[in-house]
Amino acid sequence: MLLVALLLAGLVLLALGLVRFAGRPWLGRTILETETTSGKVFDALLMLAIALSVLAVVLESDPLLRQHWSGTFLRLEWAFTLLFSLEYLLRLLLVAEPRRYATSFFGLVDLLAILPSYLGLLIGGGQLFLVVRVLRLLRVFRVLKLGAYLQEAELLWSALIAARRKITVFLLAMVTLVILIGAFMYVIEAGNDGFGSIPVAIYWACVTITTVGYGDVAPVTPLGRFMASVVMLIGYSIIAVPTGILSAEIGLKVLRPAEATSTGSGEFQTPQPEDPKPMIVCGACLKDGHDPDARHCKFCGAEL
Amino acid sequence: MLLVALLLAGLVLLALGLVRFAGRPWLGRTILETETTSGKVFDALLMLAIALSVLAVVLESDPLLRQHWSGTFLRLEWAFTLLFSLEYLLRLLLVAEPRRYATSFFGLVDLLAILPSYLGLLIGGGQLFLVVRVLRLLRVFRVLKLGAYLQEAELLWSALIAARRKITVFLLAMVTLVILIGAFMYVIEAGNDGFGSIPVAIYWACVTITTVGYGDVAPVTPLGRFMASVVMLIGYSIIAVPTGILSAEIGLKVLRPAEATSTGSGEFQTPQPEDPKPMIVCGACLKDGHDPDARHCKFCGAEL
Amino acid sequence: MLLVALLLAGLVLLALGLVRFAGRPWLGRTILETETTSGKVFDALLMLAIALSVLAVVLESDPLLRQHWSGTFLRLEWAFTLLFSLEYLLRLLLVAEPRRYATSFFGLVDLLAILPSYLGLLIGGGQLFLVVRVLRLLRVFRVLKLGAYLQEAELLWSALIAARRKITVFLLAMVTLVILIGAFMYVIEAGNDGFGSIPVAIYWACVTITTVGYGDVAPVTPLGRFMASVVMLIGYSIIAVPTGILSAEIGLKVLRPAEATSTGSGEFQTPQPEDPKPMIVCGACLKDGHDPDARHCKFCGAEL
Amino acid sequence: MLLVALLLAGLVLLALGLVRFAGRPWLGRTILETETTSGKVFDALLMLAIALSVLAVVLESDPLLRQHWSGTFLRLEWAFTLLFSLEYLLRLLLVAEPRRYATSFFGLVDLLAILPSYLGLLIGGGQLFLVVRVLRLLRVFRVLKLGAYLQEAELLWSALIAARRKITVFLLAMVTLVILIGAFMYVIEAGNDGFGSIPVAIYWACVTITTVGYGDVAPVTPLGRFMASVVMLIGYSIIAVPTGILSAEIGLKVLRPAEATSTGSGEFQTPQPEDPKPMIVCGACLKDGHDPDARHCKFCGAEL
């Protein structure tokens, strides 16, 4: 308890010192922006740190490695935690609207990346904390978000958004189908231990219709195997449906990128993915979607 | 026997009372229509009830849960049965042509949703009744049918209809292929217990060509494994065929939605899925497909 | 030996008698043509006979059924053999150029449908003969070939033909990939009994890259599992390649059916699948591909 | 050691003799070019030799075959090694710029095809050497590179190149997803031996999301199976993404081959795959991509 308080106090002091000595503008350019030279170096190092910290969490889960290298893992974990804590504090200090940042999606992910270690110290860490740390991976997308791959990701995303209703209809039909098939197979394969209850039979139907096919649950009666063959052929055939939907949408986007979407996608709640605007990111609140002629962030008012 | 008769009599009385006291127009707007406020609330509650009743059936199949909560499941089952019975009776009373409703697809599904419980009481319920209850899930589609997702479902459906001949040819070729492959593998893998008869070998061929791959039946001879590899590559390659068919059809629909379909789809037996007409549903027989200027249902003559 | 000779002599006499008494023109219209009323009835009965005879072969392979119904299966087998033999003889007698028919693809399939039973009588039937009988299924396609589904099958077929070079390149790359992956996994998973030789490792690579995944051979070392994950992701990604090829080809065909194919498909060896000519089948030699204004078969000279 | 030196000396002498007696121009036409008659014969023989040598390596790995035919395999291996060594030396002698050839991709592959046998003699061959020999398969692509299938391969390749950013984004999202899913399943399925560490759980997530589904690791808890079903449905749905991307790209290429690619593919580092130039290969350095009016190779300066 005391230890955590001391640690945090030390980190806050360090962050304040850094802001004072390195200079607010230079630090802002490095940490918040992504197009400056120092910003690029910082992003590269950050991605490396994220990758290494996730790798450490992943390897720590191996019983053998944990036994032999537990000390190393603990030290690595704290090194990364302190590093990310410092970065979080600096972002809070540098951003124009700290509260907006702290409650934004990436702000919460940044907090989630460091919280488990402190909580583990306070209330005894469980396995769940270990896994929450893997969520650090999501931080990678902040860096990517501002990269050259954005346009492509946006194309894919907008095709998904445009097809979202078709996909919903398709998934709903799939879920209904899987429940009905599961219920019938439960009756057909009565006596087969693998099909002991309808939920398990539904799990089997999922495994089969998606063509995964573990084989941990498999039909043994002739009728069950016949039904299973029919289910497989259905799954094999309807795999074409989402593909067809997306192909058509992506094809449309690629053919006429400006005009964009198809039937029924005219009433967007969130206009942002469709947006052909150039990528301008507010240095304060890290949000994008600004008009090319905007001078101030339309979300937090900071100068762009 | 007597109990069922009493129950039904009570339900009929309740339904008649409801119609008298709540008023026929208001009840009709609530239960039959989907665009009014009360209709939307009713549909939402109905979907919830359907989902919960199916969940109860699914969970009841688990041996452990059934043992500990058998009383709760029985009470839930009867609560839902009585609710759906009341709704069925109200629909029968409110609809202009009860006979047409009772013999329509959704009318039969509504009946199937309540029948098993009564039959279980009369002649002793078996497992099959339990499963028939899962068919209640199909009722969900009545609600959906009139929602915002209709247009998308119709697009998908009309693409499937337009591609139906290509899909038939494809499935026929698949079935022939699977039977031939099964017969040959039966000879090749003679002595392997997994391939004990041609039907089982055909089941294996299905499992393999659809890329499901349980592994409960698998080749062990070198020649068998070589043949299996060839079958896999065939399956992997021809998975493209249905996708290609559907992509082209959906692409066509999206590009020119009015004109629609491709070669050989000009002679529809059922013109309805292709129909670009607005969705007008007859309140009496629940059928759609009416012209925008129609004043009476073309199926049952009820006023629209 | 003698029995077979007697049987065949009897069949020939029966066929000759039939031709004499039923009349050559009527029999020709019934057996060879598919658009006349009697021809349609004959085709329907023939498809039924084929389906039943294949079903008998498939069910006979089941050890239990074979034990209890061996007599019935034997009698069924001979009934179908005699029926198909009679049909074969009649076709030979009715067709304008018997030799051409006998050496055509469907002529050979017709012969293969009856030969195994006679050979089984002469030299003792083995399992292989049993399976060859399943080839009767291919006869179904003769009937289909002249049906309403021809146009669709031709569209699919011509898309496959137009994409044949792309598919060849793709399959060659797949085979190379699978051999290389197999060889490396053999070294990585040395000591794992499942990967006992490179051929088995190649079989595993096939099972994995096509996403079949039996699980009869599976990696156990960390490096092997990492490699396997990479192979899966490759397989999952390149599954898109044949689909993309075919989608584009089918899309092209559907968009502009006359013009048809893409790059590099101008130099067809076999012009027939591309052929937009109407389907005219010669009653004598059963070949199609005649011009709309042709009066005589261009293959055998018989009047059309 | 001495043996290898003697062997190599003999080979060099043989190569020099061949060049002298067969004539440099004729040998060059045969070995380096692919459109001349002798060049086509040579390429066909080379492909046969490659296929046979790889087959020998693959079969040698089978314990039974290795035991009984070890002598034959050894002799075959040396026959192929000497043959390929001679070919490599001849190429070095005939090519205009030997150093450029020796450091090119295909030059290194040619060297890799013969090196393992000599190294095995010098330092004792391990299994790894055996496998490196399978890399000979890559040599097949040199022959293919200049064949009629080039255009199709280039179409596929350029579609892949044009879609490379979209595919990168997709693969990155997949890897993130797989790691996150693996970490959560590790916590959910704690106690299941199959999910003993996060790396294994990630392997399972890969197996599941790609729909491979070995079944060597499978969830057993109800929550784990529910999560697994969700993962399968995700995998089944996003399988559409790469397909959609590629279909659109290939469709574009096929529709307007000259203009080619979509958004964001204008800034190629390597312009060669997009190149609609005719295939002109430098006889010296084996590189292609020359302008139709080029007289000298733009890479090594040799005359074309």
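By letter and in written order, the chains are A, B, C and D; residue numbering begins at 1 in each of them.
As a convention for this text, a contact is a pair of C-beta atoms (placed from the backbone, for glycine too) under 8 Å apart; a residue touches a chain by one contact, two chains touch by 3 or more.
None of the values given here were measured: they were computed from a predicted structure.
Engineer: What chains do chain A and chain C have as common neighbours?
Structural biologist: Chains that touch both chain A and chain C, as defined above, are B, D.
Engineer: Looking at A-B and B-D, which pair shares more C-beta contacts?
Structural biologist: Of A-B and B-D, more C-beta pairs in contact link A-B.
Engineer: From the centre of chain A, which chain's CA centre is farthest?
Structural biologist: Taking each chain's C-alpha mean as its centre, the farthest from chain A is C.
Engineer: Between chain B and chain C, how many degrees of rotation does a Cα superposition need? Round to steps of 5.
Structural biologist: 90
Engineer: In terms of residue numbering, is the interface formed by chain C and chain D classified as same (over half shared) or different (under half shared)?
Structural biologist: Because under half of the interface numbers appear in both copies, chain D and chain C meet with different residues.
Engineer: Indicate the whole-number Å distance between the mean C-alpha point of chain A and the mean C-alpha point of chain B.
Structural biologist: It comes to 34 Å between the two C-alpha centres.
Engineer: Express in whole angstrom the distance between the two chain centres, defined as the mean CA positions of chain C and chain D.
Structural biologist: 34
Engineer: Report, in whole Å, the distance between the mean C-alpha point of chain B and the mean C-alpha point of chain D.
Structural biologist: Whole-Å distance between the two chain centres: 48.
Engineer: Could you pull out the residues of chain C that touch at least 2 other chains?
Structural biologist: As it turns out, chain C has residues touching two or more other chains at 170, 199, 202, 211-215, 239, 243, 245, 247, 249, 251.
Engineer: For the complex, which residues does chain D have touching chain B?
Structural biologist: Within the complex, chain D touches chain B at residues 211-215, 243, 247.
Engineer: Going by the contact rule set out above, which residues of chain D touch chain C in the complex?
Structural biologist: 54, 57-59, 61-63, 127-128, 130-131, 134-135, 137-138, 140-141, 144, 148-149, 151-153, 155-156, 159, 167, 170-171, 174, 178, 199-200, 202-203, 206-207, 209-216, 239, 242-243, 245-247, 249-251, 253-255, 257
Engineer: Mind listing the chain A positions that touch chain B in their complex?
Structural biologist: Touch list, chain A to chain B: 165-166, 168-170, 172, 176, 179-180, 183-184, 186-187, 190, 196-199, 201-202, 208, 211-215, 218, 222, 225-226, 228-229, 232-233, 235-237, 239-241, 243-245, 247-249, 251-252, 262-264.
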